[in-house]
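Please find one structure pasted underneath; my questions will follow.
Read from first to last, the chains carry the letters A, B, C and D; within each, the first residue is number 1.
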């Protein structure tokens, strides 16, 4: 394990400390707990607040989307671990501006338990909570059992669109509806080329031979749908795209946003080679690309590989996607 | 009957037993989950031992268990960590103000722990989780007490039911949690949650060589 | 070699094609040569144009800084190769708006030859050219022979500030002066943890043992100043920072911009762990951080490691740094 | 005297010789540069062969060489590629409108190639570059012609001077280019540029077994 770090146990904490030092005008901790991250100008009066949370090791997910026009706060856990319900509650209290809070996070057992417990405490304190789970990873369960799917990179679209809805004044029901609608139209699938190593574990999360790749692998290295010899980029792009298209309620002449996301160690160059083929294939299906995001949006430490996300757009979703947003890690300008 | 001191020793033994099983739990979890069951169980056990040391149980065992649950889930924020915390807290709710735990009360507490985990985790028996060991164990223990068995017989049935539950769960397919994503491939694999529960129970029921242990 | 790619020989070309497809409103090729990249709205009337160029494989360097308030064009080469003088000339003709062109690129032999040849052709065609070489890598030569230093990540600051100067209406002399002044105040040093592999070569550019790192390594794997066992992040930060501070004309109470740059495969988390210590050490020296850039700004395919850049600021440079800029890869907002 | 056809054959032989040395050049460059000298020399040689095939030299050897230089540097855009291109073009400038190359003209062309590389590369003899083979070779050839030596003696001195220059450069420290960054560590290592030049020269001067080759 080769990492630029100090004590493995302090990994997540030191990352957070570095982030506060680098972006003091944007982010601050609640009550000196670096794992409770809120926007420096929270609470924002009259705005529904949106909170996410989950394990560390996925930058810019999760806290990287806290900022203007996106999220208000984030409860971060240790590497690949859930935050505690107390931490979620601390963030909730700090960002709540009287119009309720949306919990928007990935479908993982530990996170669900802790967010649910926080939601109950919040309710006791008179804070209205809604919960929307991100379940975009098509490789993790068939369409019939879509509620069992993992949440992966597609969550960034949900953050973006729900965040725009909140900034535009939507009430809690409306912001919740937008998050749900976005996710109903969002699908992701990934491919892994090399594992990552938890700083405290010292052992890779899985192994792949030198010439192998795994389609459908999860962001913690959970097993995928097909392991085999590494294929040319164009074939990988085709395999991922076909799966997503088959799963989405898509029609010809549709409009989409595309995200080609690197998992941490894969160079930007390779992501653009993937995008090149994805774009051409969408064209063959007469599907228009309204916006392309190519880069690292949801990673797993130094895992190698990529994921492809499609968001099927209508006019409402397009408008919300194009609404300006800014965080230290993500910018949408008009 | 279990006094504050006995409860403390039982929890201590359970924690030490869990610490011994750290690597086994990690290995089991690596096969069907994310390989950290041992790490998070270790964090929980260490936090409990520290809590025990700083705040030994005294007059109100229920309050103490409630505190233990908070400490556990704060220290081990995984699925299992959250659920063990929930179980300790809801068992504690049954014993608020109580200074010694009777067998019927213990039975009630175990049943409550089972229910609270099912509710919080949105899982049921057969989903291949800790519930598949906890639920039959709690039920068997309550039935034995109901039938008027001696504590040692009841405890024996408790442990046996847990072990059988663990072994039966091995044949099942995971329906929830991370393991749920590779459902069919989990058949034949032990579920770390069931192993953790049996391990804790073995620690609690172990007859230690120290004084005051032989009328648990 | 595990890469998401098709034919190795087509690597750089397919990357460029992917980039044009992803960012059609921003970038376009000259005369269908994808290696000649210009801003979609070039030439910009009344503006001095700035061009860079160099080998592919360093995204976002070089073309990623073509856009609003930065560069006008970029001649890209094959992976780690120079563009040809004809390509540089094609870009020059396309972006020139009558007020001259600044060539701003790294100190590499092949690039110098080709830019110089283009400059001569441009002069023949009546286009005024100035050249500024980026030579920020302190590890590549001692201060006394600073003109022999390599150009690395610090070039991004030169692009930013010269770009702002041009956008603010500076003439060719002024833009050239700003580029030079920026670079006189810019220093970089890197650390390598793992090599990269040229797609067409199939062999890594260098090797490091599992527990080794190399301080001062170049972006093509050129040898550094010290190879040894991997050190804790804090120690690496100290080693890099001390070297830069010793080389810069710095005083107490100074103000700097900091860039912690990932070389391609190093997760953002590790960069923030480095930044954490850099920030603390600067504080001990009573040096104020005006802006921190932490991320991937100049990479070498999937090389693992990081570089640290300091830009010593005065009021003029601060104002130019803060001037808004936007490209598909880089944004500065007010 | 060298006719168009002879020039074509000479360049062909030089290119094939370079292609054979591809891996050697890469290995040499890996030790003090970025390991691509063979790759870029291969690209240049292939492009020249193609140019030769598509556009054989005819009435104007100078124009043809100018075109060859453009082709070479376009195909091999490394330091060396740019410099070889420059050398071919500036040698060509000396022979515009010429249909056969005399020995004195060849000497002038070589000297010009040397000067143009020095100027373009901002390097001088002793910096451990191709110049350390090219410069003494060009000088020795011109001197031999001046002294009225036969072509074969002059050619022999040309090649010998190039080889000696290459071997002498080995003892030097690189002052420019990528190798300049590790200056002291380059002592004792062959410079790929000098090896490339000697290789090309060996190809040009090789006596091939085909007709029309024996009065070069």
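Heads up, the rule we're going with is that a residue touches a chain if its C-beta (ideal position, glycine included) is under 8 Å from a C-beta of that chain, and two chains touch if they have at least 3 such contacts.
It should be emphasised that the depicted structure is a prediction, and the values quoted were computed from it without experimental measurement.
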Label of the chain whose CA centroid is most distant from the centroid of subunit A: D
Centroid distance [mean C-alpha coordinates] between subunit D and subunit B, Å: 81
Approximate Å spacing (C-alpha centroids) for the pair subunit A, subunit D: 57
Whole-Å gap between the CA centroids of subunit C and subunit D: 33
Residues of subunit D touching at least two other chains: none
Multi-chain contact residues (two or more partners), subunit A: none
Pairwise touch network: line, ring, star, complete, or other: line
Chain pairs in mutual contact under the definition given at the outset: A-B, A-C, C-D
Complex contacts: residues of subunit C adjacent to subunit D: 77-78, 80-86, 108-110, 112-114, 116-117, 140-141, 148, 150, 198, 200-201, 205, 218, 220-223
Residue numbers on subunit C that touch subunit A, as the complex places them: 2-6, 11, 14-19, 21-23, 56-57, 59-60, 191, 193-194, 196, 210-211, 213, 230, 232-234, 236, 264-276, 279-280, 289, 292, 294, 296, 299, 301-302, 304-306, 326, 331, 333
Residues on subunit D engaged by subunit C in the complex (per definition of touch): 34-36, 39-40, 70, 73-74, 77-83, 86, 120-122, 176-178, 180-182, 185
